[in-house]
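Look for subunit A in each of the two complexes below; its partner is subunit B in the first and subunit C in the second.
For the complex of A and B:
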């Protein structure tokens, strides 16, 4: 890429970075301009990328070059989603949705159950004593009690009173710790992104830092 | 034809997919599974324009009603269709220099900036949560604080070089965090399975609506 193109790119990046950050102080017309540019470009990018990766691959290569006529079935089912915009035949779009939901629900029933239920339950059966390291034992107790109590919290068919209420409370605190950890990690990730943008502004654009 | 057949198709596909996953080695079921996996992606790809059409409808109404900020809606549609047509008819592939320029110099940096500015909003949300002074909010924030300080040199500096905060952050991440997340995951899985069964059996029919019939 030539030097001038890189310079133009850097100025564009700098402009949009400053304008998008400006919304933190106050909403302004330049921010709204950048926001609409972002949404428009990203949506257009998504459509074109899907065209490159799936539609052209299957229509041009699969159907026309390789002669895979069976591909006509998913293509027709896929196109039926657009009948939503023609009121008299809008019910046809249900075929697209039901096709996706049929495979989707089959996928959940066949593939999600083992990794997200069976394996998770199995992995919770941890040794509670005798590991040789007291800290590992304590951690395992915390792990097992935390998991069981979190599950009890989701039992909505029983009243949360007495022992169940207390167990459910422990579950709520366990989940609060989990949310706190997720929150802390999210903040760190976002700060890291923000530092990256600042490094770009002060380094690549203004050349104030190396 | 309008409701019963789509529901029947859902059930047949779900059963076929489940059978194909449990009875591997049966030629017919293996072929069916491979076809369905591929068809699923193709059908999903064709639906990608629905989002753009919805955006066009929403912003088209703003433009035709000359509502506040309608000029930005015009610009959004120019960007949307400009990028789409540039990609499909000019660039024609993802390695085109113009296409990579648009992504590397505009979309990726804007994406990073938008996500990075969220830190200010979640910061103010955390402050408001802390003002509630409930024990749950305090647990959440103390954990978040340990996680953050345990990941930066400042945390070690505050304790005179001792890695206690970092060790605590690791323990929280590996033990109570995993326990809480596991509970949520198991609950979500059971909910997902129940919903999948309801959809497959035609008990849940909310997705059939929205077509005016």
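For the complex of A and C:
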């Protein structure tokens, strides 16, 4: 790619970065422009990519050249969703939605049970002593107690009094620790995102860092 | 004073944060980066692959994930290609920018390995619509599922690597780079769990708490956690890059946030006590 194209690209990137970050100081028309540009570009890019890399491939090669007429079935089901825009025949779009819901519940959910329930429960069967490393033993105790107490917290059909109340409280504190860790990771992620932009601004744009 | 501190205009805090980050990037002091156990596991898993093994790279992220995930991808490619290890990579994804991310990664690293050839050492299939159903279909036939073309429009049947690698099940390792859904859960349920293929992941920091139960259960064998994990991976591979350069800034910005939180909480408690007393 030529130097001038890269330079124009860098200046555009810098402009949009600064304008989008300016929203934290004050909402302004430039920010709105950048926000709409981003949303429009991303949506347009997705449509273009899907059309040129997939739809056109299927329709021109698969349907018209190779004569795979069975492709008409998914094409018609897919096109039916756009009938939502025509009030008199919008009921036809329900077929597409039903098809997608059927895929979602039948095909996708059926595969969720083993990896995200059975395997996860099995992972809580941990040795509480005799592992040879005291730190592992302590960690396993924390893990098992935290898991059980957190699950007890969600037994809403029993009043949180007495033993159940105290166990629920331990569960609540466990979850608060987990949420704190999640918050810390979220902060780290947002700082990392901003860091990436700062590295671009100071490096590729202003050449202040290598 | 504490009331003023508790009600300080947040724009001053943002300005201070930008100043600290910029200063740390321009004048880094080189804080030590010690690889964590999780990153070390990822490194070891890739290191133990036999030469010539085919690695499936799932590029499940868009431009927002570049600062945290791109350094990990570059490190993995460098690790796979250095010292004659000759790992081969097939890149694809369920996210729209999958092809662009793979293109950016390989065009960056390609200059360091001029003997590596597209179609022989790596293939970029790019994004294909279909979500997780795609992963299931890739296990039957990659070429058919990808409509016979890669990200650049090349016929996959003409690429030597794709003549050998016809199904996702043949991958020795699945390495995914995720910022959300679809992501690791889809790979676990459709690919790695049923076929017993090891899965390693580089995830953004926001996803780490969600991934840890999967790591603990052994469903994810190793995890590169955000930019920090990417920096650790760069140190292990011996090729410091943007993640390593950003660590000082990240550490100082976190320290600043901790200071804000402490001051804010002290201000809150003292003003609350003052209100109660009055």
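By our rule, the second predicted complex is superposed on the first by the 200 of 210 C-alpha atoms of A that agree within 3 Å, B and C clash if a C-alpha of one lies under 4 Å from a C-alpha of the other, contacts with A are read in each partner's own complex, and residues count from 1 in each chain.
Simple rule for what comes next: a contact is a pair of C-beta atoms (placed from the backbone, for glycine too) under 8 Å apart; a residue touches a chain by one contact, two chains touch by 3 or more.
Not measured: the values here are computed from a predicted model.
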item: Touching partner for A:87 - first (subunit B), second (subunit C), both, neither; value: first
item: Contacts of A:72 with subunit B and subunit C, given as first, second, both or neither; value: neither
item: Dominant contact partner of subunit A by residue count, subunit C or subunit B; value: B
item: Partner chain in contact with A:136 - subunit B first, subunit C second, else both or neither; value: neither
item: Touched partner set for A:128, first subunit B, second subunit C, both or neither; value: neither
item: First, second, both or neither for A:181, with subunit B first and subunit C second; value: both
item: Partner chain(s) touched by A:116 [first = subunit B, second = subunit C, both, neither]; value: both
item: First (subunit B), second (subunit C), both or neither touched by A:209; value: second
item: Partner chain(s) touched by A:46 [first = subunit B, second = subunit C, both, neither]; value: both
item: Touching partner for A:158 - first (subunit B), second (subunit C), both, neither; value: neither
item: Where subunit A meets both subunit C and subunit B, residue numbers; value: 24, 45-46, 49-50, 53-54, 58, 103, 107-108, 111-112, 116, 120, 123, 143, 178, 181-182, 185-188, 191, 193-194, 196-197
item: Residues on subunit B engaged by subunit A in the complex (per definition of touch); value: 2-3, 5-7, 9-18, 20-22, 35-36, 38-53, 55, 69, 72-73, 75-84, 86-88, 91, 93-94, 97, 99, 101-107, 109-120, 122-123, 126, 135-136, 139-148, 151-152, 169, 171-190, 192-193, 195-197, 199-200, 207-208, 210-213
item: Sites on subunit A touched by subunit B in the complex; value: 1, 5, 8-10, 12-13, 16-17, 20-21, 23-24, 32-55, 58, 70-71, 73-75, 77-79, 81-82, 84-85, 87, 90-91, 93-113, 116-117, 120-121, 123-124, 139, 142-151, 153-154, 171-188, 190-191, 193-194, 196-197, 200
item: Subunit A partner contacts - residues on subunit C that touch it in the complex; value: 11, 14, 18, 21-22, 25-26, 64, 66-68, 96, 126-129, 132-133, 147-149, 151, 185, 188-190, 193, 204-206, 208-209, 213, 216-219, 226-228, 242, 245-246, 249-250, 253-254, 257
item: Footprint of subunit C on subunit A - complex, ascending; value: 24-25, 45-46, 49-50, 53-54, 57-58, 61-62, 103, 107-108, 111-112, 114-116, 119-120, 122-123, 143, 178, 181-182, 185-189, 191-199, 202, 208-209
